[in-house]
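Shared between the two complexes below is subunit A, which pairs with subunit B and subunit C, respectively.
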Partner chain A sequence: MNVLRLHLRTSPLRWAVLPLAAGALLILLIRPRYWIGSWPETGAAAQVSAFFLSILAAAAASWVSGSVRRHGMGEQLAAASLRRSRMEWRRFAVTAALLLAPYLAGHVAAFVITARDFPPGLGLWAGYLLMGLVVMLFAIGWGWLIGRYLAPVYAALVAALSWVVFETFPAEAAYLGVLDGPPWLQPDVRSLIVRAAAVALLIGALVLLPPRPVRRGPDWGAAVVSGSALLVAMVATVTTTGVSERAVPAEPYCVAGRMEICLWPENRKYTPVVQEIDGRAATLPPVWQTPPRLLEYGLKRQVVKYRGRTFTQLEGDFQFSEGNKWALALGASEAIINESLKQCDWDRVRAAEDSTPEALRKWVELYLANSATPPYQTIDASESMRKAWATATDVFTGMSAPQQDQWVSRQFATVRAEYCG
Partner chain B sequence: MHFAMTDITQGYGDNLIVKEFDLSLTPGIVGFLGPNGAGKTTLLRTMATVMPPMSGRISLGDLQITGERSARRARQMIGYLPQDFGYDPAMRVNDFVRYAAWMRGVPAHTWDSAAAIALDRVDLADRQRERMRKLSGGMRQRAGIAWAIVGEPALILLDEPTVGLDPRQRLQFRKLISTLTDSIVVLSTHLIDDIDASCDKVIVLHGGVAKFVGATAELARMGRADLPGNSALERAYMHLLPEEEQRL
Partner chain C sequence: MANLLDVRARAEKSGFSPTSAFLRARRAWVPLIIAAVAGAVAAWAGHRAAAVPSVADNATLPLWRLLTMGVGILPALGLHSHLGSLEAMGTTVHRRAERRYLTAMVAAVHATFLGIAAAGLPFDVLAIAVRSIPGWLGLALLSGRTWGWRSAWILPVVTMCGLTFWGGGDGPADFSWWEFSARSHDDPRTLLLSAALGLSGSAAYAVTPWRLRRLRTAVSRWHRT
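Now for the complex of A and B:
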């Protein structure tokens, strides 16, 4: 313990802990606040900093790794009575602790903020914590290995750049890290265990077989073992996927009202938004029929066949992206128009390129959200769609409530007469 | 404590530096003297067990050093200061010496006292909180000596320890090593003055072969008046060199 403290006192990285922790907190706090109150989103949000911190960690670890050579202490280490692995282990442990501290600080801060409500799903937070931890340790091992064989500045550059390339290209598709943590996804425990084991193997190879300090030329034995362990860790990362779909919960969290709107239990913090939209749905003109139940994305599954293979596809009536009421208003408006016009022949609507139903749907969306300015833009909509949306917006903003009711009734009657006979 | 090397051959690849060398040491101060390339550093590295010999036997006390495991045990009893020793510039002097104690396997509960004693001996007690990078060359050299003597090892190997020391510090150094009476102190140096002032025994090396092994006073008696040198010991040293190197 004394030696660990001694290393902590003398490591140049100790000066980097506070700025890096500040960076991790900045990354956490400048992003939209939707993660607060949801454990999977909290874990994912705090885990994002691992992407940036791991780059610096790879560079810093390479710098520290080469310090024995840089400080000319190889001869003294060779004359030590301790095993080389014992000395290397302490150097690595202190370096890893200092580099992990900023990442963990971000997680602690995120935990404290969300823990005030203590929603369900703490295990998902822990999964994302582990996901980032594996990334950080992998980067530290990556840098440590490079630092052994290259000159300090060059090693730091090579470690950082090569790590960026790895985590951006081959590893991104395998979800080395994530940008958000929607409740229908979960950190894949099996993959994380495989990755953690591979990274542990790399670290084990690095600390148990350090190169001989005064050997002339490279220590090929140590280089081959460590290089092979690195390769194993890379393969383990790119051949596993960091996240997987969750099973539908036995009891989704449902809010009863005009409609029963069901969410993932982790999203229960959105209850006020759900109640607000449902309250607006309850005041829709009587021509509208609301579906009995709306399910959040992922709470429905559909088995589909494609080219002879069977897949289970996630579905839902709305995707409560970041808890935005517009996401619910959009999904609910589609469900309401489908329910209200369920007798209609939609193939004929499409063949006629009639945008009246879309104008009605848009009006419902604006009505439910009680706003005419959605926070999103659709960039590839057809001209007729745009006209329909503009019409709905004009009606919603320019007409009185009775006038809007009359417009809705007229459009409804037209559509019913044309396509629902 | 007794240190012995028997029939040691050492070198780098095909380049043999030390050939069939025998050495037997008991507590006292021994000087290795010789020109550049004589094999002094190679011999010290071999004694420090940093470089396993190509052939021959080494023992320290009852311990036969036959491989890495026995070498590690022996290193608990060996304090070694390489010629160009390294240090972490950010380390405090006290930590630098404590680090040496840890590496040598000195029990953790005695690190503080052992470091304090070593620093006191090299007159750096008042600098123990300084960072290594802030020390002058002479002070740094003394910190290096503290590195080698911390925990009072049985065998202390000092490669050119007085390089960078001013005359007063060299006198201090001589005083310091004269107090290490329980250890075998091996001093490799170019400076005949240091040998003259400090060493009970001297070994003159040339081309990896011991040209003289014996008491310092005995070596001094070998000097011939017609050879170059300002002291009897210098003339004796010149006498031991090959004839073509005896004239300036």
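Now for the complex of A and C:
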């Protein structure tokens, strides 16, 4: 223990802990703060810093691992009475502890912020914490190996660059890390265990087989074993998927009102938004019909057959994008226009390229959000769509409430007479 | 002086070449090989981009940008010498040789990388790479002067993390005004920024330990009076 403390007190990395922890906190707090109050989003948001910290960790680990060669200490260490693996283990453990500390600091801060509300789903937070830990330890092992065998001048740069190329290109598709943690996804425990085991194998190989001093010739055995362990860890990463879809909860969290709006239980912090939109829906003119129930994305599943194979597809009436009320207003407006024009022939509407129903939908979206300025932009909308949206916006902003009711009734009458006979 | 010249003449007669000793101590061929490999990868897959964490939505990082950073700082890393502490007491002759070496390495390493990468990257991307190189090199020289040439990677790698996370804009081509590694090649502000970083790096390179000591002495004298 004293030796470990001595390593801790003398490692040059101790100067990096505070700046890196500050970086992790900045990354956590400068992003949009929709993660606060949802455990999966909290875990994912704190895990994001692992992307950048791991790059620096790979470089720093290679720097530390090459220090024996850099300072010409190989002979002295070889003459020591302690086992070399024991010395290597201590150096690795202290390096890993100092490099993991900033990452864990980010998680502690995120935990404390969300724990004030303590919503359900703490296990998902722990899953994302583990996901980032695997990333960090893998990067440290990666850097350690490169630092040991490459020329000390270029090892740190090569470790940082090769790691960032690995983590952004082959491993990104396999969800080595994630950018957000929506409630319909979960860290895949089985994959994480496989990856953690492979990374443990790599670290074990590095620590148990430290190279002999250069004087006795290159230690090919240790190089081949640790290189193979690195390859195994890479393969284990790219052949598993870090996240998987969650099963539909037996009891989703539903808010009763004019419509019953159901969310993932982890998203219950959006109750005020749901109540606000539902309250607006309750004051819609009687010509509008609302569906009995709206389900958040992922609470509905549909079985799709494609080229002889069967897939389960996630569906839903709306999707909370960063907790914005417009996401619910948009989804609800689509469900309401479909319910109100349930008897109509939509194929004929499409064939006639009639944008009146779209103008009505846009109007109800603006009405539900109680604003005429949506925070999103649609890039690939057709000219007739844009015209319909402009009309709806003009009606919503330029007319009094009774005039708007009259306009809505007139539009409904036209559409029903044309397509709903 | 006569003795010194005599020593030199005798050494050269016995097959000793100061230039090759200088290059050998720095393993000058390593950065050239790394630059050639990086150039080949940039030409082959430089355009591949992956999603990265960012304050902006849907930010991506293309491979060529990473490789340009790596190659940009190689000449500064290459200043490290196995005889560094001995050379720190070097003469003006040695200092001049180091300056020439740095200039030659900057030209050779970057020409190798860009020349090979040009086989696969379009002109506007290459122009951005050319513009960002002084910035990366300047940061590397600053870092190297502060923590030693072997640690010249610290500032550039930290800066790259910062640019990736904070430099992204709302759209894929819309970066912050200070994103000198990604903004369009005809952007004047990032050109100035990159040049300023390059100049600060050159200034840092010029601040040798002995000049720093002279400066400190001068400041403390001025302070006393």
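Here, the second predicted complex is superposed on the first by the 416 of 421 C-alpha atoms of A that agree within 3 Å, B and C clash if a C-alpha of one lies under 4 Å from a C-alpha of the other, contacts with A are read in each partner's own complex, and residues count from 1 in each chain.
Please note the rule applied: contacts are C-beta pairs under 8 Å (C-beta built on N, C-alpha and C of every residue); 3 or more make two chains touch, one makes a residue touch a chain.
Here the structure is a predicted model, which is why all the values come from computation and not from measurement.
Considered on the superposed subunit A, subunit B and subunit C are sterically compatible, since they fit side by side. In the superposed three-chain arrangement, the CA centre of subunit A forms the vertex of an angle with the CA centres of subunit B and subunit C, and that angle is 50 degrees when rounded to a multiple of 10.
Residue contacts after overlaying the shared chain place A:Ser67 against subunit B, while subunit C stays out of touching range. Residue contacts after overlaying the shared chain place A:Ala59 against subunit C, while subunit B stays out of touching range.
When the shared chain is aligned, subunit B comes close enough to touch A:Thr10, but subunit C does not.
By the touch criterion stated above, A:Ile261 is placed in contact with neither subunit B nor subunit C. Of the two partner chains placed by the overlay, only subunit B lies in contact with A:Ser81; subunit C stays clear of it. Shared-chain residue A:Val274: touches no atom of subunit B or subunit C. When the shared chain is aligned, subunit B comes close enough to touch A:Asn2, but subunit C does not.
Of all C-alpha pairs spanning subunit B and subunit C in the superposed arrangement, the closest lie 12 Å apart. Comparing which residues of subunit A touch subunit B with which touch subunit C, the overlap is empty. The touching residues of subunit A, when paired with subunit C in their complex, are 23, 27, 30-31, 48, 51-52, 55-56, 59, 63, 70, 151-154, 156-158, 160-161, 164-165, 168-169, 172, 179. Residues 12, 45, 48-51, 72-76, 78, 80, 82, 84-92, 95, 98-100, 102-105, 108, 111, 147 of subunit B are the ones that touch subunit A when the two sit in their complex. Interface residues of subunit C, counted against subunit A in their complex, comprise 27, 30-31, 34, 48, 50-53, 55, 61, 63, 66-67, 69-70, 73-74, 77-78, 80, 149-151, 153, 157-158, 161, 164-166. Partner subunit B is touched in their complex by these residues of subunit A: 2-3, 6, 9-12, 67-68, 71-83, 87, 214, 216.
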